[in-house]
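We just call them A, B and C in the order they show up, numbering each chain from 1.
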Amino acid sequence: MRYRALTLAILISLPVFFSGVSDSHGGERTFTDTTGCTISLPDRPLRVVSLAPSITEIVFALGKGPLLVGVTRYSDYPEKAKMLPRVGSYIRPELESIVTLKPDLCLTVEDGPPKKTIERLKAFGIPVYTVNPDSIDTILRSIQEIGDILDAKNTAAAITDKMGAQLTVIDRAVAEAPHKPDIFFQIGISPIVSVGKNTFLDEMIQRAGGTNVVTSDTPYPRFSKEQVLALAPEMIIITSMARNDIFEVVKKDWESWPSLPAVRNKRIHVVDSDTLDRPTPRVVDGLAMLAALIHPTLFAEAHHE
Amino acid sequence: MSNTHFIEGRLVQRIFLITGLLSVVLALAIILGLATGPSGIGLEPVWDLLTGSADADGLQNAIIERIRLPRVLMALFCGAVLSLGGLVFQALLGNPLAEPYILGISGGAATGAIIGILAGFARVPGVSATAFAGSMTTLFLVIVLSKGESQAGRDAMLLSGVMVNAFCSAIIMFLISISEENKLHDIMFWLMGDLSSADMPQVGMVALLILPCFAVIFLCSHKMNLMLMGREMARTMGVSIRKTTFILLVATSFMVSAMVCQSGLMGFVGLVVPHILRQIFGSDHRVLVPASIVGGGAFMVICDLLARWLPREGEIPVGVITAIIGAPLFIMLLRRRARS
Amino acid sequence: MKNTHKTPHLSVAGLSTGYGDHEVISDISLAMEGGSFFIIAGPNGTGKTTLLKCLAGLTRPNKGEVFLDGSPLPRFNRRNLARRIAFLPQTVETAFSLTVREVVLMGRAPHLGMLGFHQEKDTTLAEEAMAFTDVLHLADRTIDALSGGERQRVFISRAVCQQPEFILLDEPTSALDLAHQVRVMDLMERLKRERGMGVVMVSHDLNLAAMYADTLCLIHKGQVAALGAPSAVLEKKQLEAVYGCRLFVEESQVAGTLHVTPVPGRVNE
């Protein structure tokens, strides 16, 4: 303990770090992210900036909320995140705001901010760690990576274990499903946009026991109404970024086409997308919700809300 | 030498005085611009930096030098290039409504940029290069389409430019309609104009490209004066219309393209600033060319700092500010002119 | 100001030109000299303006050549040509407002450098030119605030400033009121007498031509119908053939020159 305090004292008395070289502060721990970038972090409470709402959520879930000194604009979960200083948006973080906060670490998601901004952050000597949660498995891994970096390995393990357990339950139930219904997953109203083969939502649909009628290679293909009718989905799931009356209107619109199997089966649903497309611990809750929607009988007991 | 306009005296004196005056405005604007950050305007850090004060905050200095300075300089160049471009095209086409994008530059650059974005290029150098290629292509088209220096030569160029822009708009709409959500964001930001991604090497490259254009255009400024009374009159005064038009066209299009590639499209500046300067300082291009460079630069620096200072969070696109300020100013000037 | 040992000489030989296949002027040969007043007249559309533009070096003829002091125009550098020939078109664009002084000073352009920085001598010449046409009191007004007549005098000032040997004007009096018409013609007369300039003017006013011209050239269907002193050219039968209407030619009581009056259809001669 005393040894740790001594090291801390020495480190704190070092001049404020602002050169372009990141390992001049006696960095004790190094990490390499999936982009191959290696960072060095001092062994003390860090000042962390989160460049994505999902990362903010994960950090709070790991109990390391107090480390955050800045977040991007739509970091709204949990509630406490809304009080944190803003550093721009997920796709356009503000360089100056971030630098002024003097962070020890920036956590970001791949394909979020422009590469140029990341480069300029690194040129200021700020380590940037990128996670790439593009599937359920990589979400779990990113939680572990972040837990590693923020010295919350145990909490991370607890979270991922719980998530794993939930997943197992869902997987087992889904495996017994006699039929995987054809689902049209609508994420855009006007124009109608769905999700293609290599997207995260596609994985969610399949894992929740459904079949995505859209098999396009384009991640977010557009459809005309006619094309959707031709696909004849048994179920239509419409997501929104926020609950809105407009979606009830959309639902009624689909219901005016009785030839649609989804209409005949009365299986048109509107869901809140928050838990479905953010790569956070809640994603499994989202999966459970989706699975319950698709196979209500199988999940009557194991129903998560 | 005219007494009805602000600042009299011999021509050379006038040029220096006017440019000097506007330079002071520019300097003040730059200082304010460097002092503006997400948390408001703070002049002390800038003062500390300029005076080399010992207890200057290293972080603040770094922020000013490496984040704000490139941006302010880029705004300066943007304003200078667009204002000068508007001035030249207004003289070349004999049309007070001409602006730097009128000969298809904006259409070509935007089309090129969108193609670059859709192809997945990085903003620099990929998208900049495709944008530049696009604008040079449309320039070439406009020149070819309006060949000949007949009486209708000017109108032919204008019409060709408008046509090419319209055609590019159609292509752009088509490209947008087939592009995906994530690419759409990049496209929108490019189209709205963006000064925030500049760093010093980029600023340096832009300077390298546009400063020679400034020089060339200044050397042609008297010829532009002569062209104000029509091509025929200018010819009989010894101006080679074909050569002068070509030089001015190429120099101006080149610098406007180079600028658009870096910063996207920013409307209004090129239309409004030359008119404001003309109202105050007269129609002599030997005065207006340096005035547009310095005055236009100052205008854009001010608009940029307003874009950063006004909103509580984030920033307003600079093009919005230039329009909000530019339009009423222009209307005021028109009314003053009508009254006198 | 002018150091010519010989009188400056502007001529055309075998000039033919037109637009596309349509020939406007056919095989015209003419000569004008410095210090003389040459007027080109004729019905509308006969190619007078085209001819003038060829003389000014603005248009290259399809056939034939224009000679200045024996050398064909294309051989002249444009600036050099501008120092010797001034041209005033029928209408001048004014998209932007320039002051009178600025317009007149532009006339010095062929004598100045690339950036046109002028000196004492040039400002003096400009003031003299403005005084000559009596627009000095308007020097600081903008050109679009002037009347037609005043504006015309300003452009003449500009041409004077150019110090040319020849001044070519395209219908300078067509849009002017009576007083200004005479004023402009008087100015041309003075330029010819006092400064030895060669005045070449396209005009459709035969009576003014009669009063001022040393040589009158009548153009009909792209060719020279008559050439000579006004008294010789303004002959009734000839004019009627060219203009295609009944005319009455008499001696003017004012100037002692000839006066042409068209006869209205309802008058029986």
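To be clear about the criterion, contacts are C-beta pairs under 8 Å (C-beta built on N, C-alpha and C of every residue); 3 or more make two chains touch, one makes a residue touch a chain.
Note that the structure is a prediction, hence the values are computed from the model and not measured.
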Longest centre-to-centre distance from subunit A, chain (CA-based): C
Which of A-B and B-C has more C-beta contact pairs: B-C
Where subunit A and subunit C are represented by their mean Cα positions, the distance between them in whole Å: 82
Chain centre separation (subunit B, subunit C; CA means) in Å: 43
Between subunit A and subunit B, centroid-to-centroid distance (C-alpha), Å: 41
Touching residues (chain side subunit C, partner subunit B) in the complex: 56-58, 78-83, 85-87, 89, 92-99, 101-103, 105-107, 109-110, 112, 114-118, 123, 140-142, 162
Touch list for subunit B against partner subunit C, complex: 1-4, 11-12, 90, 94-96, 218-219, 221-222, 225-226, 228-230, 232-233, 235-240, 278, 282-284, 286
Subunit B-facing residues of subunit A, complex: 16, 18, 73, 86, 88-89, 91-92, 94-97, 99-100, 102, 111, 114-117, 120, 123-124, 188, 193, 218-220
Residues of subunit B defined as touching subunit A within the complex: 37-39, 58-59, 62-63, 66-68, 122-124, 180-182, 185, 189, 196-197, 199, 313-315
